[in-house]
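Each of the next two complexes has subunit A plus one more chain, namely subunit B in the first and subunit C in the second.
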Partner chain A sequence: MKKILLEVEGLSTHFMTRNGVLKAVNDVSFTLHEGEIIGLVGESGSGKSVTGFSILGLVDAPGQIVAGSVRLQGRELIGMAEPELRTVRGREISMVFQDPSTTLNPVLSIGTQMRLALAAHETVSRQAADTRCADVLNKVGIPDAARRLDYFPHQFSGGMRQRVAIAIALLNHPKLIICDEPTTALDVSIQAQILLQMKTLAQDFGTAMIWISHDLSTVSSVASQLLVMYAGRIIESGPARDLLRIPNHPYTHGLLGSLPEHARPGQPLEQIPGQMPSLIDLGSECAFLSRCTKSDSLCHTSPTLRSDGSRRVRCHHPIAGDWH
Partner chain B sequence: MLGFVIQRVVQAVVVMLIISILVFVGVYAVGNPIDVLISPDATQLIREQTIKAYGLDQPLWKQYLDFLMRLLQGDFGRSFVYNMPVIDLIFSRLPATIELTLTAVLGATVLGVPLGIYAGYRPDRFLSKMIMGLSIFGFSVPTFWIGLVLIFTFAVTLGWFPAGNRGPTASLWGIEWSFLTGEGLAYLFLPALNLSLFKFAMMVRLARAGTRETMLTDIVKFARASGESEFTILHRHVLRLISIPIVTVFGLELGSTLAFAVVTETIFSWPGVGKLIIDSIATLDRPVMVAYLMLVAFLFIMINLTVDIVYVFLDPRLRHRRS
Partner chain C sequence: MSVAHDSPTSDHALLRVCNASKQFAPSLSFGDHIAVWLGQEIDQRIVHAVDGVSLTLHRGEVLGLVGESGCGKSTLGRMMAGIYPASQGNIRLDGVPVMGAGKKPLKTTTRIQMVFQDPFASLDPRVRVGETIGEGPLFHGLVNAADLKAYVTHWLETVGLPAEAADRFPHQFSGGQRQRVAIARALAMQPDVLICDEPVASLDVSIQAQIINLFLKLKHELKLTMLFISHDLGVIRHITDNIAIMYLGRIVERGPTLDVYENPKHPYTRALLDSIPRLVTEGDELVVFKAIDGELPSPLAPPPGCHFHLRCPHAQEICKTRVPDFEDQPSPPVSGHDVACHFPLG
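Coming up: the complex of A and B.
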């Protein structure tokens, strides 16, 4: 049995907006083991990115972690002093963002940017730094890296730029990388390539990953565990294979139904009708109520997250299973 | 890069030629220098001799060609009023103006940019609000008024600084500079402060707006996620990202202040070119006006060229587009 790396418990992050309290992340709990890849899925706006940023302690104003605990190998990160937190970021947990054209600094060479990320955690000679940067770049699939350290982001294609960002994230050999939809902005052909490569890299480096995606099929090819998020809450979780075979939550069921491979030829892709409710005035009913086909009067009270040991579901009428 | 510079230099020459025509025609079409140069009771002979001596009997195009030829040989003619070569006249005044302008613009930038970055980084702090208050003040109060207040407060009432003139200078590269002597610096202080307040206000604004915008980008978020310190983020990422508009305004301000430091130079009796040009307009001293306008155009072109070249160093995307 692998050791526990990260324990997130009751994490709640709210944005104090002008229109009211926006509950972006609500009571999120999960456990990640060393070297494990966990998929965090949900439609846009469900709170996936904010969950990732909360783990790193990088929630933008007017956001605030209002409750919960994030423990990395037993060390509590929430409430940790900023200087100490900075030694965690990049060295123990790092993050790759969605769009590499907005994350890399266009006016600094990639070598400079990598050296800054390296210098944030240790003092190394220029030569040693360059060797290490080129080494990691080669590992993520950038050929002839030593010569290209002087290149600027605009001299790379989108896919290559994302590889540079991944290299920066890997540079200090973190224990965990949070990948926030890192292939969404890229060509479909490159998406699969990078996905596979990341999986291999994670195995080689022994790095655990939280792979965020709005696309269930992408995640299921890398992750061993899945978390499905809806309106700031985890509504279902469990081992990827089980969850895909027998989804227990009506929302997950709907998501699977809308995958291209489930479409019948000649029929349009099935979509879950309706919209996610506003996160500002979530009522006391189930957040999925207005879109659910299985609802009844019980659903006007919010369901709790119930567990059967390996799987969890937040629904009064789960499709299958023995819940308590 | 070299091709880009050559292309810009050729453009600069063409622009200078066009400006020389405009300036020459414009200045020579105004007023009649003969009335100024020759007293009404002079004899006809003296009149004709003087007109001939200054080439005023020639047609305008001939006068222009002569002017251009002399100009290319570095001969800007003689001042009607001072009866000395214009080039000597201007160069005796130019260092004073350059010194005053550079001190003001550099000082405004060196102080304004870091304060502006701070105000953009921590917009809600009391100090940031003070900085912004000062910047609004610098924007809204006229230069001449500030100049008078400065003289009244620091020169007349407190007696800390001299009220005007340039004071002692020391020589460097054969040119006289105030900043090389302690007392000269005291003379330089008030006029430079006066001239820099508006530019300081502008630099604060520019740096603050750029910083606020940049701090919200994924570039900063990604740097933070990599564990980089806030100081590294501000001086390695943010400063570089906001430097392009700052360099642009720096160049523009440097040029326009060199040309139009008139108000401050007048208030502080600073013996620079601004005062010279005002006097030469009053006395219709055409060679001085022409040479001065040509010099200003030249300075602007040189500054713009420098700014364009600096851009290429600041923004690698331009570098590769051009090479």
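Coming up: the complex of A and C.
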């Protein structure tokens, strides 16, 4: 059994907005082992990105982590002093964001940006830094890396820019990389290249990853474990293969059914009616109640997350399985 | 599939794109003009967005246009909708050019309407939805002022929105509902052809399914003729009768959708289909996808010969010099599935 790297327990992040308290992340718990890739799936507004940000303490006002704990190899990150947290960010946990054209600084050459990322955590000579930067760039598939250190972000294509962002994330050999929809802005052919590369890199470096995405197909091609989020809560989790073959929550089931590849061409897709409720006035009922076909009177009380060992589901009427 | 008036195989095309090209050149600055006047050579970077494309769209047909970003699919869609004039070639609806002649040509028909990708940008935030939908039909005399309310209600209900929606503003709707409004606006003009540019790309999966189902319903009920532009091969497979695959400004393969998916002939189509991550499990393993090497070359300086030769595993000398043509194929295409490649697959 691999060692536990990250434990998230009862994490809740709320946004104090003018209209009320927006419960973006609500009682999220999961564990991540060393070298494991976990997929965090959900639609927009489900709280998947905020979960990622909360782990790194990157939640700004009006957002606030109101409860829970995040432990990296036993060390508590919530409530850690900012200077100490800065030594964790980028070195032990790094992050790759969705849009590479806004995360890279347009007026600094990528070499400068990479050297800054290195210098933030250790003292290295200019020459050693350049070698290391070029080395990592090569690994993420940028040819002629040593020369390209002098290039500026605008001289790269979107796919190449994302590779640079990934290279920066890898630079300090972190134990965990949080990837927030890193391939969403890219074309399918480039997405495929980057997915394959990330998967191999994670294996080579033994890096664990949290892969956040709205795209079940993308996530399932890299992750071994899946967490499905809906309205700020984890509603189902388990090994990717099992979860995709037999989804237990009606929402996951509906989500898989609404993918065109699961239907006969030209036939209406199975659709989930309605839309996600507002996160401001979530009542005590199951958040999926209004869209669910299996709901009954029981569903007016919020279901708890039940486990059968490897899988968890938050539903009063799971589709299959023996739940405790 | 569903055929309204003509069979898709008949020669009578509703919309015909004939050898159309579009180049975009940056406008010259005052200094550049003087330099040209003095006989200086100015490096005018011309983008070859669409390069000699021919396509036909038959009544009742849903044609998918697939390609990566930057391949020119949106430009082609806008040319067909009469938004951009073609630099060369022509686009005709029932034999009549969709755009007038002259230096600043205008669209000549209201029979082609368009649905855009982002419903947050394509609807005027200050105009009530009812007015957005009713303005065009009223102006063009499709309905008189007395019947306008009922007319708007009819189209709102067609796309699955309540009649009260007419009095609301776009910001009061979710993304999926806004896209329904955009579709209602296009349909209210009673178009013969609907051009949809990535209409579901910005929506969440569960909402995307709702809109795809709406398109399927409209296709059957209204016998709509559609050009459906998308980079999402799953969506395209589901909704279209025929597809055209585009690469760097050119159509490289076209044919009946299922035929192309099951038996792609162009190496690019093959590679594109292989690169989609899929959820289909085979036995215990997830189907592994492959990646195409390299990236789309810049349309500022497209490579000579076949545009795909830099990334193609089958490329030979001839591919570097000679542009493959649909007419090059040794045998006439079966069932309208043809390919522009010197070395087509199986």
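The criterion applied here is as follows: the second predicted complex is superposed on the first by the 320 of 324 C-alpha atoms of A that agree within 3 Å, B and C clash if a C-alpha of one lies under 4 Å from a C-alpha of the other, contacts with A are read in each partner's own complex, and residues count from 1 in each chain.
The rule is short, and it goes like this: a residue touches a chain if its C-beta (ideal position, glycine included) is under 8 Å from a C-beta of that chain, and two chains touch if they have at least 3 such contacts.
No experiment lies behind these values; they were computed from the predicted model shown.
For the composite obtained by superposing both complexes on subunit A, the positions of subunit B and subunit C are free of clash and fit together. In the superposition on chain A, A:Thr87 makes contact with subunit B only, not with subunit C.
Of the two partner chains, subunit B is the only one touched by A:Ile168; subunit C is not. Residue contacts after overlaying the shared chain place A:Ile272 against subunit C, while subunit B stays out of touching range.
Legend: residue contacts after superposition of the two complexes on their common chain; A:Gln191 is shown touching subunit C, with no touch to subunit B. In the superposition on chain A, contact of A:Phe152 is made with subunit B only, not with subunit C.
Taking subunit A as the reference, the larger set of touched residues comes from C, when subunit B and subunit C are compared.
Of the two partner chains placed by the overlay, only subunit C lies in contact with A:Arg245; subunit B stays clear of it. Minimum Cα separation between subunit B and subunit C in the superposed model: 8 Å. On subunit A, the patch touched by subunit B and the patch touched by subunit C do not overlap at any residue.
By the touch criterion given at the top, residues 216-219, 221-229, 232, 236-237, 240-241, 314-317, 320 of subunit B touch subunit A in their complex. By the touch criterion given at the top, residues 43-44, 157, 159-160, 187-193, 195-196, 214-218, 220-221, 240-241, 244-245, 254-263, 265-273, 275 of subunit A touch subunit C in their complex. Put simply, subunit A touches subunit B in their complex at residues 53, 56, 58, 60, 86-91, 94-95, 97, 99, 102-109, 112, 116-117, 119-121, 152, 154-155, 165, 168-169, 171-172. Only residues 1, 68-69, 174, 176, 204-210, 212-213, 216-217, 231, 233-235, 237-239, 257-258, 271-272, 275-281, 284, 286, 288-293, 295-296 of subunit C touch subunit A when the two sit together in their complex.
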